[in-house]
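In what follows, subunit A forms one complex with subunit B and a second complex with subunit C.
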Partner chain A sequence: MRPVTRFVLLLGWLGYAIIPWYLPDGMSLTEFGWLAGYPFGKAGSALALALSGTAPWLLPIGALLVLATLQLGRSNAASVGRILIGAGLAGLALFFAQGFAITLKGQGLPTLAALLGGGGADTAQGGMGFGAFLTVLSLLLLLCHGLAYRGICRGDIFTTSSIGIIVLLIGLFIFYPVITILRSALVDQAGAFAPAAFFERLFSASIWGLGCVTANTNCGVAWNTLILAVLTGVTTTLLGLACALLILRTGMPGKRVMRLLTVLPIITPPFVIGLALILLFGRSGLFSNLLYEWFAIPRSRWIYGLPGILLAQVLAFAPIAFLVLIGVVQGISPSLEEASQTLGAKRWATFSTVTWPLLKPGIANAFLLGFVESMADFGNPLVLGGNFEVLSTKIFFAVVGAAHNQGQAAVLAFVLLAFTLGAFWIQRRWLGGKSYTTVTGKGDSGLPTPLPRRVTWLAGLVIVPWVSLTAVIYLVILVGGFVKTMGRDYTPTLEHYKTGFSIDFSRGLYFDGSAWNSFFTTIKLAAISAPLTAIIGLLTAYLLTRQRFSGRHLLEFATMLSFAIPGTVLGVSYILAFNVPPIEITGTGLILVITFVFRNMPVGVRSGIAGLSQIDKSLDEASTTLRARSFTTLWRVVLPLLRPALVAALIYSFVRSMTAVSAVIFLVSAEYNLSTAYIVGRVEAGEFGLAIAYSSVLIVFMAAGIGLIQLGVGERKLGRRVAAPVAATPAPAPAIG
Partner chain B sequence: MAKAGPASVEFRNVSMRYGSVTAVDNVNFTIEAGKLVTLLGPSGCGKTTTLRMIAGLEIASEGQILIGGKDVTKLSAADRDVSMVFQSYALFPHMSVLENAAYGPTVKGLGKEVAREMAMAKLALVGLKGFENRYPSELSGGQQQRVAVARALVLEPQVLLFDEPLSNLDAKLRRRVREEIRELQQNLNLTVAYVTHDQEEALAVSDRIIVMSNSRIAQEGSPRDLYERPANAFVADFIGDANLIDVTIKSVADGQASVAIGPATVPLPSRELQPGPAKVAIRPESLLLSKVQDASVLPGTIRKCAYLGNHLDIVVDTPVGDLFVIQHGHPEMLEQGAPVWLSFAKSGVTLIPPA
Partner chain C sequence: MQGYQWLRASALAMLATGAAFVAAPAQAQGSLVMYCGVQEEWCRAMSTTFEKETGIKVAMTRKSAGEIYAQLKAESANPRGDIWWGGTGDPHLQAAEEGLTQEYESAANKDMQDWSLAQWRAAQKRTIGIYAGALGFGFNTQQIKQKGLAEPKCWADLLDAKLKDDVQVADPNSSGTAYNMLATIVQLMGEDKGFDYLKALHKNISQYTKSGAAPAKAASLGETAVGIVFIHDAVVFAVQGDPIKAVAPCEGTGYEIGSMSIIKGARNLDNAKKFYDWALTPAAQALAAPAKSYQVPSNKNAVVPPQAPKMSEMKLINYDFVKYGSSAERTRLLTKWDKEVKPLPK
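Showing the complex of A and B:
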């Protein structure tokens, strides 16, 4: 048995014999009152509880740990492997069986509970805690190590363990909640199985109606969502591409400003853009007023509906496309373009035959991101929707509205999922099996080709209005916090900031502003979840692209599924799934961190896959033949070359955590309130000034945070020659302000 | 660090399948310790897959692979004492030359100083002293190749693998580098498996050559064996130039066959063939222009004659078809249409089984 397996066993025993098995109420790391009665009682360890007869169903799990421990001294890899696989599998099965069979009184699976020694429907146990977590982790790793001992994945423990952990996490925090909510699609309000009701809901006219074509009514909510998502996807991709090309391939002035401007919308909570658009273009908006006074153009409500939502979404999501595409444009080896030019191709021919096809995977990814973001967006349709309903808002109102119809929400989620999965399938078809490796092991040399003039003009033409509108919007947001009431009373004031962020120095340092609590909570949780998201996302991308194992396509499908679940659905499903044992974590900060991680993981996966597909596989192989194991290869070769992807993943998950609304609005509690939920509350209460002031504080803070991350990770060293001053590109600007 | 020294490599009935495609089909061979063995063949013949199976980058679907007598069939690349020089060199673009070369000992945990020393020694060996702090992109193709070799050598592996190491170099450099590789292999007493599709390169560097065709081994032997005694038409044609002619074996006695090549009758080693139809492979330099006219020569007329400095390329029209002849030394040019008689040299004329 290898040392690392011994360590895993030690973890298992820690979790089983020492650390409290359940998650008791009132647990904290500073006061230990909740530990009363240890090792028995609510905070008891599994070993004590099992032996004392309180929870006899935990005993077999311990027996399996003993079985694994008996292998300590043995060195025959194959037979130790077989026993570890057996013990791990049986342990996991028993663990989950008891977890789901024995929950609250009268719930769970009574027959299975009796079989495990639980004594029928009366037995109950609380939510699993840290002891249980360590034990299940240890059992899983024992299984994975056993598989590696048997030669699975070329005997690489790191690979099998990573796969195991990611499969478990995705299973617990993606599949289990989704199954929970889809289950409620198939039952009626009373909880009985009702497939007829399901089909009736699924094909109802409110979802698929074509009223806007045939008659003068509204179209079905599915069509609305689809049209909006396609428009948003196409527009954001084009904008992002234009911007990436202009920044990297031309001598355009004001590049730094461009970078700053394109990043601003990402660090803005999405509904804030909607809000600013209303303040600008609404019936009493700034522009509407001007147009009315100067040209007598009547005020209208055009901003409420498809045009408004589209505008807000494009402003909000184009920077994401930009971040994806700038990495891809950077990764295109200049020597390929130089090759094309030496073959007699003019700039335009080079662009259309070499550069463009190489950009295709990035473009597909960017479109997919825009498409799915639009479908999942909840803030903007909420603020700007008017009569234009989309799936996400409809799901939200089905759950929290007067109807409280979980079945309806589940059916709508089903439709949404079909759309996003469809988008993914189309993308795969388009890309096919082409190879896009452009960073090879041979040191790249050459200078990037400047853009053809036509493309430069086109790109510039698209970008200028976007940039100016963005500038105006941020002006409104920044100024809005310093005036009494936007649109009516422009008297300067600091009142809004005082309410939210005053600090009282009279009694030491006391943060007595009303916003501080949610602000600190948000920062803490976002800072915890960003690195976790990046690690899990990039690790998944690495496994998917660089390792061959059976079930790889299933894993890919699973990560894609997590991508496809809109925040509203995820939030509701987490409430349903994690409000009762075996995993009872609603109301804690943990559930928010988990939500952030699994909401943002797909971004890490996507940027990781895009980055990895540009790194020649022979680099990995060279590292392997020099005796580096998978982990070392990942750490020393792949990760340094993946820095742009890492930056994107870190920035994006940090910022998304801070600006997330849709998923967390169900999950915040009094103790763990988040900035966005607080701001939405202010908007509902009509305190626009405070809402906008808080938003600008968030924006400034996130800009600073991004700057720090950027500094910490640094730029990718590709060893390319820096272009001579004459050849258009001056020294590369730091990526993001 | 205990040096393991060179080790032998043995393949026992090894096959590699990807789905329904068989890349390597039931292959057996042994590479002796301290020898340089070339896997030679046209692209797609399975030679690179074979090399990657030695490295452990592909795990064989069937059969056994032994390195130094130890079964490594299921062992991962990181667990085998084998290094590889990649066709693309696969230098880590974000590391300097020194960091690239020191990568092996560094990830093995040998400590920065030791790793640096080992890397410096091997860099000096390949003549790259003074380039330690450059990045791969700042080196020429030949220099990058040397870094790749140094990096593979640093751990002093039991087996060193080369995957078409010269394919990215220009011709002059190719000749020099292949000599350097051979010298290095002999001086350091390394076991080397070398993949190439260039028969001249293979002949120049190898102790033994394994010729592969269609996922199988077509012939294995020393360069001289393969050139002078090809086992079949594929090998005869692939290694060097050969005139392949349909012939008839008239009789066999004491291992000598009497062979009818057109109107001529020639005694040749029978190579266990029986009387009947066969083929003969004749090297162009083994056809001699003869003055004598008897039953052992083949009459013909000159079709083409080209002057190439140190030799003449001649095409002769004969009763068995056009034959390609090379005349070394400084003979006179021959007139087109002139009658000639071709006799057969003692070596370079080989009977092979009919296709």
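Showing the complex of A and C:
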């Protein structure tokens, strides 16, 4: 048995015999009243509880740990492996069986509970705590180590363990809640099984109607959503591409400013862009007033509906496409383009036959992101929707509206899911099995080809209006916080900032303003979830692209699933799934962190995959040939080359956590309130001033956060020549690790 | 060994994050978890004042009534909240009907207005009225003048062809306010005539908004000429000095009863009862007006804020909360509205 396996065993025993098994009420790290009665009672360890007869069903799990421990001294890898696999599998099965069978009184699965040694429906246990967590982790790792001993994944413990952990996490935090909510699609209001109602709801005219084509009414909500998502996906991808090409491949002035401006919309809390658009283009908006007074163009309500939502979504999501595409454009090896030019191709020919095909995976990813983001977007349709309904808002109001129809919400979620997964499938078909590798271990020192002039003009033509509109919107947001009522009364005032962010120094440092509490909570949770998201996302991407194992496609599908599920549905399903034992974490900060991680993970995975598909496998193989383990290869070869992807994942998850609304609106609690939930409240109450002021503070803060992340992680060094010393990229910070 | 390091590092990281963030919700004596269904400022005033007066620590979350109802339902196996204070009465009644809230009879009941106790009886003691607000509409004075219209005073005035695409009301499927209007029109005019009215009104509706109070905001900003809302929602903007005027329709109108319920299985039941008793006192109900909420309080001895719409001067219908609050009737009316009114061409 290898030392690392011994360590895993130690973890297991720590969790089983010493650390409290359950999550006791009122636990804290400063007061220890909750520990009363240890090692028995509510905060008891599994071993003590099992032996004293309080929880006899925990005993077999211990027995399996003993079985694994007996292998400590043995060195026959195959037979130790077989026993570890057996112990791990049986342990996990027993663990989950008791967890789901024995929960609250009168719930769970009474037959199974009785079988495991409980008293049927009468036995109860609370939510699993740290002891249980460590034990299940240890059992899982034992299983993975056993598999590695048997030669699975070339006997690499790191690979099998990573796969195991990611599968467990995805199973618990994506599949389990999703199944919980989809189950409610098949039952009627009273809770009885009703498949007929399901089909009736699924094929109703409100979802699939074609009224906008055949008559002068509205189309079904499914068509609306689809049209909007395709338009948004295409527009954002084109804008992002134009912007990435302009920034990296031309001598255009003002690059730095543009780079900043394009990132701004992502760090803007939802509702705010919509709000600013209304203040600008609404019927009594700034622009509409000017047009009316100067040119007598009648005021209209065009902003409410498809055009308005599309505009807001393009402003909001084009930067995401940009972030994805800039990594890809950066990674395209100039030597390929140089080769093309050496062979006599003109700039345009090089672009269309070399550069463009290499851009395809990035474009497909960017489109997919825009498409899925648009489908899941909730804030903009809410503010600007008018009579144009989309699935995400319809789901939200099916849950919280006057109709209170959870089954309807689940059916709509089902349709939404089908769309996003369909897009995912088409993308895979389009990319096929071609190779997009451009970063190789071979000598690579070309200069990036400048763009052909035609493309430069076209890109510039698209980008300038976009950037100016963005600038105007941010001007409105900035000014809005400092005037009394935007749109009517432009008296300068600091009142909004005082209400939200005043600090009282008379009693020492006391954060007096009403926004501080949610502000601090949001930062804390976002800062914790960003690195977790990046690690899990990139690790998954690495496994998906670099390791061969059965069930790989299923894993890829699973990571997309959490992205495809609209936030509202995820929020409700998390409450349904995690409000009762075995995993009882609603009302804690942990559930928010988990939501952030699993909502944002697909971005880490996508950008990781896009980045990895450019890095030649020969690099990994060289490292492996030199007898490095996969962890070493990942850490020292792949990760440094993946810096743009890592930055994208970190930035994106940090920012998205800070600006998420739909997924967390059900999950915020009094103790853990978030900025966005607070801002939504202000908007609802009509206090636009405070909402905009708070948003400006968030924007400034997130811009600073992004700057820090970029400074800390730096850019990858590809050892390419740089055109001129002036255009050198900012000096990379010392490599981490 | 690399694998070893990796494992140790990740295990430590997981433990550290876990330990820092799973402080289980406070259960200690002297705390109360409050779900608040009115606007933030009022919620905050209620929770901090109660905290100051009793020393009981209040953990307050503000959400719309529909969201709170959805949360109660989701949490019903393992309730987290203790008291649900505020928000329109229908979801409170629905929660009572489904047994999500529990019975309570306060000593303060004797001082309550009749409508407050009617709500309490309708819900089998599971919810009580804490404030009332009449339904009406707010109109933008500048827009109406520009259109050359006389100030609208009645439901019938809203059918004027000059108001085409210039009236807003929320979608009754998503908003309790709009459902209240639907039920009011049906009770006021009878079901057939009521639906005829709604169909005629449909031609003038520019947008069925999601949130119930949104039309008031839109009218105050001039995004629409008329917004059908609870009158106190329009008064808020009028008090701020916006060009909006609130109207109680001349034919008669319905009203909402903002309610309070104790959540079934409350972990801090005694404190929830203390809060319940306290929230019915005149002093607690006087906290509304300074927080820019101009509803009519339910305690007979409470001071009615001067800005509050005078219920006594309005023609109020005898709103049947039992019938129109039941889920069967609600589903029937909403389905009918969805079929007969919403899909109509403009």
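Just so it is clear, the second predicted complex is superposed on the first by the 723 of 737 C-alpha atoms of A that agree within 3 Å, B and C clash if a C-alpha of one lies under 4 Å from a C-alpha of the other, contacts with A are read in each partner's own complex, and residues count from 1 in each chain.
Note that a residue touches a chain if its C-beta (ideal position, glycine included) is under 8 Å from a C-beta of that chain, and two chains touch if they have at least 3 such contacts.
As the structure is a computational prediction, the values presented were derived from the model and not from experiment.
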Subunit B and subunit C placed together on subunit A: clash or fit? fit
- Does subunit B (first) or subunit C (second) touch A:L641, or do both, or does neither? first
Message = For A:G73, using the defined touch cut-off, is the partner it touches subunit B, subunit C, both, or neither? Pick first, second, both or neither.
response = neither
Worksheet item: Which partner does A:G386 contact after superposing on A: first (subunit B), second (subunit C), both, neither?
Response: second
Which holds for A:P492: it touches subunit B only (first), subunit C only (second), both, or neither? neither
- Could you say whether A:T632 touches subunit B, subunit C, both of them, or neither, answering first, second, both or neither? both
Subunit A contact check, subunit B vs subunit C, more residues touched by chain C
Inset, instruction - Using the touch definition from the top, say if A:I528 reaches subunit B (first), subunit C (second), both or neither. - result: second
In the overlaid three-chain picture, which partner chain does A:R301 touch, first (subunit B) or second (subunit C), both, or neither?
second
Subunit B versus subunit C as contact partner of A:F7, first or second or both or neither: second
Rounded to the nearest 10, the angle in degrees at the CA centre of subunit A toward subunit B and subunit C equals 170
Shortest Cα gap between subunit B and subunit C in the overlay, whole Å, is 8
Overlap of subunit B and subunit C contacts on subunit A, residues 629, 632
Within their complex, subunit B touches subunit A through residues 55-57, 59, 74-79, 82-84, 86-94, 103-104, 107-108, 135-139, 141, 144, 151-152, 155, 161, 168
Note: in the complex, subunit A contacts subunit C through residues 3-4, 7-8, 11, 23-29, 104, 107, 129-130, 133, 137, 141, 157-158, 161, 189, 205-206, 209, 211, 215-218, 278, 282-284, 301, 304, 382, 385-387, 393, 397, 399-404, 406, 485, 487-488, 514, 528, 532, 572, 575-576, 579-580, 584-590, 593, 629, 631-632, 635, 665-666, 668-671, 673, 678, 681-682, 684-686
Contacts from subunit C onto subunit A in the complex sit at residues 1-4, 6-8, 11, 14-15, 17-28, 33-34, 39-41, 44, 58-64, 66-67, 69-71, 73-75, 77-78, 80, 90-91, 94, 165, 171-176, 178-179, 206-208, 210-211, 213, 216-217, 220-224, 236-237, 240, 242, 327, 330-331, 334, 338, 343-346
Within their complex, subunit A touches subunit B through residues 151, 154-156, 439-445, 616, 618-619, 621-629, 632, 636-637, 640-641, 716-721
